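The following pair of complexes shares a single chain, chain A, combined with chain B in the former and chain C in the latter.
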Partner chain A sequence: MPDRLTEGLIDLLRPLLAVLLGLAVGAVAIWATGHPVGEAYAALWNGAFGNRTFLGSTLARSSTIALAGLGVAVAFRAGALNLGGEGQLALGGLAAALFTIYVPLPGPLPLVAGLLAGAAGGALWALLPAWLEVRFRVQLLISSLLLNYVAVYSASYLVSVPFRDLSGGGALAQTRLIPEAARIALLPGTRMHAGILITLALSLVLWFVMMRTVTGYEWRMTGLNPDFARYGGVDRVRALVTAMLVSGAVAGLGGAIEVMAVYHRYIDGNLTRPGFAWSGLMAALLADNHPLGVLLAAFLLGVIQVGSTGMERTTQIPLEISSVVQAVIVLFVSVRIGADLLRRFRGRRAARG
Partner chain B sequence: MSRAPAIAATGLVKVYPGGVVANDGVSLRVEPGSIHAVVGENGAGKTTLMNLLYGMEQPTAGEIRIHGEPVAFRSPHDAIARGVGMVHQHFMLFPSLTVAENIVLGREPHRFGRLDRREAAARVADLAERHRLPIDPLARVGDLPVGLQQRVEILKTLYRGAEIIILDEPTAVLTPQESDELLAVMRHLADQGKTILFISHKLAEVLAVSDRITVLRGGRVVGERERAETDMDELATLMVGRLPAPPATFRREPGAPALRVERLWVRGPRGEPAVQGVTFTVRRGEIVGIAGVAGNGQSELIGALTGLVPAAEGRILLDGQDITRLSVRERRAAGMAHIPEDRYRWGSAREASVADTAAMGPHYRPPLSRRGLIDRSAWLRRAAAIVAEYRVRTPGLWARAGALSGGNLQKLVVGRELAGDAHCLIVAEPSRGVDLAAAAFIHDQLLARRERGDAILLVSADLGELMALSDRILVMYEGRIVGEVARDQADERQIGLWMAGADLPAGDPPGDPASAQQGGDAGA
Partner chain C sequence: MADLFDIQLLHMTLRTVVPVLLAALGGALCERAGLFNVALEGMMLAGAFGAVVGSFFLGGAGWGVLAAIAAATAIGLILAVLSLNLRANEIVVGISLNLLVVGLTTFLMRVVLGATGTFHHPDLQGLPQWSPEWLQAVPVLGRLLSGHTPVVWAAYLAVPILTYFLFQTTIGLRLRAVGEHARAAQTLAVNPLRMQYLAVVLAGVLTGLAGAQLSLGQVRIFQENMTAGRGFIALVAVIFGRAHPTGVLLASLLFGLIDALGIRLQGVGLPSQVTGLLPFVVTLLTLVALRGRGLNRQGTA
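So, the complex of A and B:
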C-alpha cells in the first residue's frame, strides 16, 4: 500500500534536490568566473537575511513573486496555460494606481478600492485570452503570452502620455503619487509591507478553493483530464473562464500591492523589469501548482534574487550568476516533470490489458 | 519433447512498490511451436507475467529461460533481440504511416542515407507472403480495419525476427469473423514453428486454438491443462474459484418508452456523417443491445445521447421530454447515467484520487456538496460505499485512479454511474478488458436495473455479452441500423454478417421505416 506520507516527503525532497543541484552548478559558475565560492554564497546569504532592511526586501519580493505564482498555479491546475502574468500584473498595478488617484473615496476605502481595482484589472485582461480560446480556438498559451506585449506597452503609453505625472518636470514615465489613504503600510525602515499578509491569506484561501469547493474540483478535474470533466457534466467554458478570472485577479493584486506598498505610483517598467511574472511561473513549476508550495518556492526565489543583488554589491560577482542558479533549478525541476511524464506514459502502456 | 522449452519461467515473483504482489511464484513452460494460452481474472497477474517475459518489467525474483538460456531483459529491446515479440491489446502503430513504414520502423532499409521505401515494401510483401498474412504494404495504417492493423502488429514482430510471439487479448477488438481468421493465423504460425503465447478471457477460443492452457488466479498458477483434458466449465471454475452463473432469466416485461431516438444524425470527428438517421426506442425494463464493429458510429451515437457531441439532426426524447439540446449535466439530472466505452479517456482521470473519481457527476449537489462547498465526509462515504459494494480493489480512497487495475477501475466507474437513481443507462463496453468474475458482477448489476424498470442501451463489441443481456439487438453498420433481432431469435452468424456489412437486407431494412427513408434521402 503506497504510503501517502512517504510519497509526500519524496515530493518535497525533489525540489529541494533541484535547489541543491542549482546551487552546485552556480558554484561551478562562480568558480569559473574566478571568484571564491564560499565568500560568494556568504554574501548571498547576507544580502538576503543580513539585516532588517535586507530581510524586508526579500519578503516583499517573495510576496509579489508568490502572487504571480499563485495566479499561474490556479490556471495551470485547471489546464489553462496562462502565461499572461506579466500583462495581468502590469495592468493590475496600473488600474490600482489610476483608480485611487482619480476616484476619491472617503476613509480607508481607497485602500480596498485600489486592491479591488488591481484584481479587476488583472482579471479582465486574463479574460481576453480565455475568450479567444473559447470563441476562436486560439491557443491560450500563445495568446496569453503575446498579449503581455500589448498590455505592457499600452500601460507604458498610458503613463508616458495621458496619465504622466508632470508635477516634477515630468522626467519619468510614471503616474502621480496615489493618495496617502491608499498606501499599504511598510514596516518602518524596511520594504516589508502588510501586503505579505494578503499573500499568506490568499494562498490558504486558494488551497481551500482548489481542494474543498466544487469550483476547485471542477478546475482540477478539467486540468487532469478535460474529457473526464466534460463527461461528468463540468462546463468546460465556465471552468476555463473562472480559472482565468481568478488567475488574472491574483496576478493583478500582486501588481496593485507592489504599486500601493512599494512605489506609491505606477512607474513604467517597475513591474516588468524585476521579472515577477516569470519568477512566479518558476515558483508554480517548482511547487507543482500547490498553493502552499508556491509560497515556499517564491520565498526561495526571493532569497536568491535579493541575495544576489547583495552579492553583487559586496563582491565582484555579476548579478547574472543568480539567473544561472535560478535557471538551473528550474531546469532540474523540469527534468523531474519530464521524467514523471515518461513514467506516466510507460505506466499507461504497462497498465493496459 | 527433448528440445529446450521456448519459454521456461521458474518461480517468478513480482512485487510492486507499495507491496502489491502481482506474481507470486509463477512457473510457466511453453514448448516451441505450440500455442499456449494464459487465462485468468483481471488482477490475476497475466499482464504482469507478459510484461516480465517481454522485458517491460523486471521480476523481483525467479528465472526466465528462453530456448534454454537464462535471460535478464532490461527492456523490450533485449526481448526482441532474443526473438520475443509482443502484440499489445492497444496497437502501437502510426496511423499516418503506411503498413511497410510501420513494420520496418527502427530497422529501416536505407539507400543513400534515406529510407528506401521500395525495398521496405518489397521486404514486407515477402514477409507477408511467407507467413500467409496478406496485406497491402502501401496502405495507410489509419485506413485499415482493426483486424488488419493487428496483422501489421504481428508482421512487425516477425520482421524483427520473433520466434516467440506474445499476444495480449488479441480478439478483444475483433468481429467474430476476424477472430476466426486470427485464430487460423495463430495456428499457421505455430505450424511454421513459431511459439505463440496469448492472453484471453474468451474460453471458447482458448479451447479452440491452444495446445496447452495455464490458469492464473491471485498471482499464482492454479492449473495447467492440455487442451484435450479440460473443458470450459473446469477452466472457468479454476479462474474464478466457482462456477459462473447461468445466463440471465427475464421476469419482467418491458414497459413504457423511456428513451426515444428519432432520425438522429451525428457528425464524426472529421465532419463525416457518422450516425445516419438512426431511430429506435428503449422502453423501461428493457435492455436494447447495439452490436457492431468498433467505428461504425456507435461512439458518436453514445456521444449524442449523453450530450458530449451535438446532434446534427433529429431528436432525442427522454420520458417524452426533448433532451436533444440539453447539457451533459442537465441530462444527468433528468435521470441519465453513462458507462463510457473508454474508462481511461472518459471515465476517469489517471491522476485523480479514487474519491474524486467516484464523486464525478453529482459532485455539485447535495449530499456531496452544499452551496459550492464539498462535504468531505459525504465524498468519502460515497467512494467507500462504491468500493465496498463493487469490491473495488484499491490501496485506499486517496490512491490515484491510475493505480487501479483495469477491471477494478471499471468496477469503480460502473459503481459510480449506478450509484444514483438514474433510470436511463447508456452503457458502452461494460466488461471490456475485465475479468470473468467482474464482468459477471457488472452484468448482474445491469440485469438488476432492468428488473427495477430502468431503460438500458447497451453498446458492445462483444456479441456474447449482447446475446446474454439484451431483449433486442440492433446492428450498426456505417452509421445505420442494418438489422434488428429479438433475443430469442438471435443468431450469431446472421448478426456477424450484418456487422461485416454483408447480407444487407434488400427491401425494407428492419427497424423504423422512417429512419431508412430519411437515411436514403439525405444520403443521396
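So, the complex of A and C:
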C-alpha cells in the first residue's frame, strides 16, 4: 500500500514542517530584539537539556502538559469541545492538596488518596458542562470555557481565606504543606519525579481504551458522525458524559501530580499561570488527538517552555517568546486539518467519477 | 441595598459595558456572515496593546485608537485567511490566535515598552472625557451622560447604525445571506468571501475600539492579558442577543450591570474573587435560561 505509506509520511511531515515554521517565526522575533539567533536557540537547547536538573524540569512540565493534552484528546475524539482544562486541572490540584492535608490516612494511602481526589475533582468539574449540554442545551465549548474563570476565582478564594496557610505570617495565598507520605518522590538517581511514570502508563491505557475498546469506539463514532453513531445504537449522552468524566479526571490528575510532586502545596496561580491546560490543548491539536502523539507533542512544548526560561536567564530575551512560537506552530498545523478535509473531498469525488 | 443602585452605578455600567458591547457587535457581524469568531478576546487584547503603543510613541490618543484598530484588524485578517481561504477550523484558529496575542503582547510589552506585568507612564495620553456644559446642565441625564470618552458614544451609536446596515442596506442583506446560505448567495452573484472579509474588518474596527477603551479609556495602563475573558463574555452576548445589534446591546448591558455591581460590592468588603467570578456565573445562568434557544451553533451534537 504505497499510497497509505505516503499519506502517513505526509501526516508526520506536516507537524514537523509546522515546528520548523514556528521556530522560524521565533527566529525573526529574536532577531528583532537584536540578539544573535543561533546563540539564543543554543541557550534554549541548553536551558532544556543542559544538566540533569534542567532535564528534570523539562520532563516534569512535559508530563503535566501531556496529562492536560490527553484529557483534551479524549474529549475532542468524542466530539466534546472541552475547553475547561484550566479549571479541571486547578480544581484537581486543589482537591489533592486539601484531601491529603485534612484527611489523615496511614501508610502509603495518602499518595493514592491524593491522586484519586485530584482525578475526582477534575472529573466532577468536567461533568458540569456535560450536564449543562445534555439538560439545558448549553454549548459545551462555551460553558467549559466560562467555567474556567469560575473555577480559578473560586480556588483562589479558597486558598486566600478559609484554607490559607497562616504559619509564617501567611503572606502568600497558599495551603499548608501536604504530609510527607503524600509527596511524589524523585526517581532514584535522577532529577525527575515519579509522576512521569503515571503519565506514560496513562497514555498507553488511554490509547488502548480509545482504539481497542467498545467505549473508545463509541466515543470516536460520536465524534466523527453523531447521526451514524445514533443509528448504530450508540447512546450519545452516555458517550458524552463518560468522555467528559475521563477527560476531566486526566486533567485533574495532572493538577494533583503537579501539587504532590513539585510544590507540595496548592499555591494560588501556580497551576494556571504556566498555562498547562492551554499547552495541553495545543499538544492535542498537534497530535491530532492521538494519545501517544500527545506525549511527543507535550515533550516538544515542554522543551520550548523550559528552554525559553533558560534562554531568558542567559540572553534576556523575554520567555514569552515560547507562547508565540507555540501558537504559530498550532496555527500552521490547523491549516493541515483543512487540507485533510480537502483531501477527503477530492478522494470522494475521484471515487464517484 | 437601595444605595447600591444610583446614578453613579448606572454611569459606571454605561462605561464598563463598552468593551464587551463593541466586541460583541463585531462578533455579531461575523456571526451574521457565517463566521464563529472565537478570536474576539485576542483581537480586543491586540487593540488594547496597540492603543497604548500608538498613544505613547506617536503622542496622542487619536493615534492610539488608529493603532488599536490596525492591531485588532491584523489579528482578524489572520483568522480570515486561515479559516476562510485555507479552510482551517475557525475554532482552532480562534483559540490559537487568543493564545498568540497573550504571548505576543507580553513579549512586545517587555521588548518595546520595557515593562513587565503592567505598563504605565505619566506621558501616556488617555482618551478625552467629554462633558460639555450644556449637557451637564440637564438634570439626571446630564450626570449620566457626561464624562464619557468618544469611544463610549461611538459604541452606543454603533447599535442603530449597524441595525440599519444589516437590515436596511443591500450590502447588509448580502452579508446576512452569506451567513444563512453561502451557496444560494453565490448563485445571486454575491461573493461570500468578500462579505466575510467585510465582516472581519468591521469586527477589527469594533474590537480595536473596545481595546482602546479598555487601556486608554477606563484606565491609562496596559496590563498583561488585561481583557481577562471579556471577549468570551462578548461571545455569549452574541448568542444571547441572537446576533442582533439591539439584542447584543441588552445582553451586554445586563453583564455590564453585574460587573459594575461587583465592583461596587467589592467596596463594601466582598472578596475580589467573588466579584470576579460573578459576571461569568451570570453569563452561564443566562445560557441555562435560554436552553439552547439562542443561536443554533455547531456545538457537540
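Simple rule for what comes next: the second predicted complex is superposed on the first by the 329 of 353 C-alpha atoms of A that agree within 3 Å, B and C clash if a C-alpha of one lies under 4 Å from a C-alpha of the other, contacts with A are read in each partner's own complex, and residues count from 1 in each chain.
Operating definition for what follows: a residue touches a chain if its C-beta (ideal position, glycine included) is under 8 Å from a C-beta of that chain, and two chains touch if they have at least 3 such contacts.
Since this is a predicted model, take the numbers as computed values, not measurements.
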item: Touching partner for A:Tyr231 - first (chain B), second (chain C), both, neither; value: first
item: More chain A residues in contact [chain B versus chain C]; value: C
item: Which superposed partner A:Val161 touches (first chain B, second chain C, both, neither); value: second
item: First, second, both or neither for A:Val214, with chain B first and chain C second; value: first
item: First (chain B), second (chain C), both or neither touched by A:Arg273; value: neither
item: Common interface positions of chain A, toward chain B and toward chain C; value: none
item: Complex contact set, residues of chain A against chain C; value: 29, 32-33, 79-81, 83, 132-133, 136-143, 145-147, 149-150, 153-154, 156-157, 160-161, 226, 236, 240, 275, 278, 281-282, 285, 318, 320-324, 326-328, 330-331, 334-335, 337-339, 341-342
item: Complex interface listing, chain C residues touching chain A; value: 78, 82-83, 86-89, 91-93, 95-97, 99-100, 102-104, 106-107, 110-111, 229, 232-233, 235-236, 239, 271, 273-274, 276-277, 280-281, 283-284, 287-288, 290-292, 297, 299-301
item: Footprint of chain A on chain B - complex, ascending; value: 17-19, 46-47, 50-51, 56-57, 88-90, 92, 168-169, 199, 306, 308, 327-329, 332, 338, 340, 344-352, 356, 359-361, 363-364, 369, 372-374, 376, 395-396, 398-399, 402-403, 405-406, 433
item: Residue ranges of chain A in contact with chain B within the complex; value: 1-4, 212-215, 217-218, 220-221, 224-225, 227-235, 344, 346-353
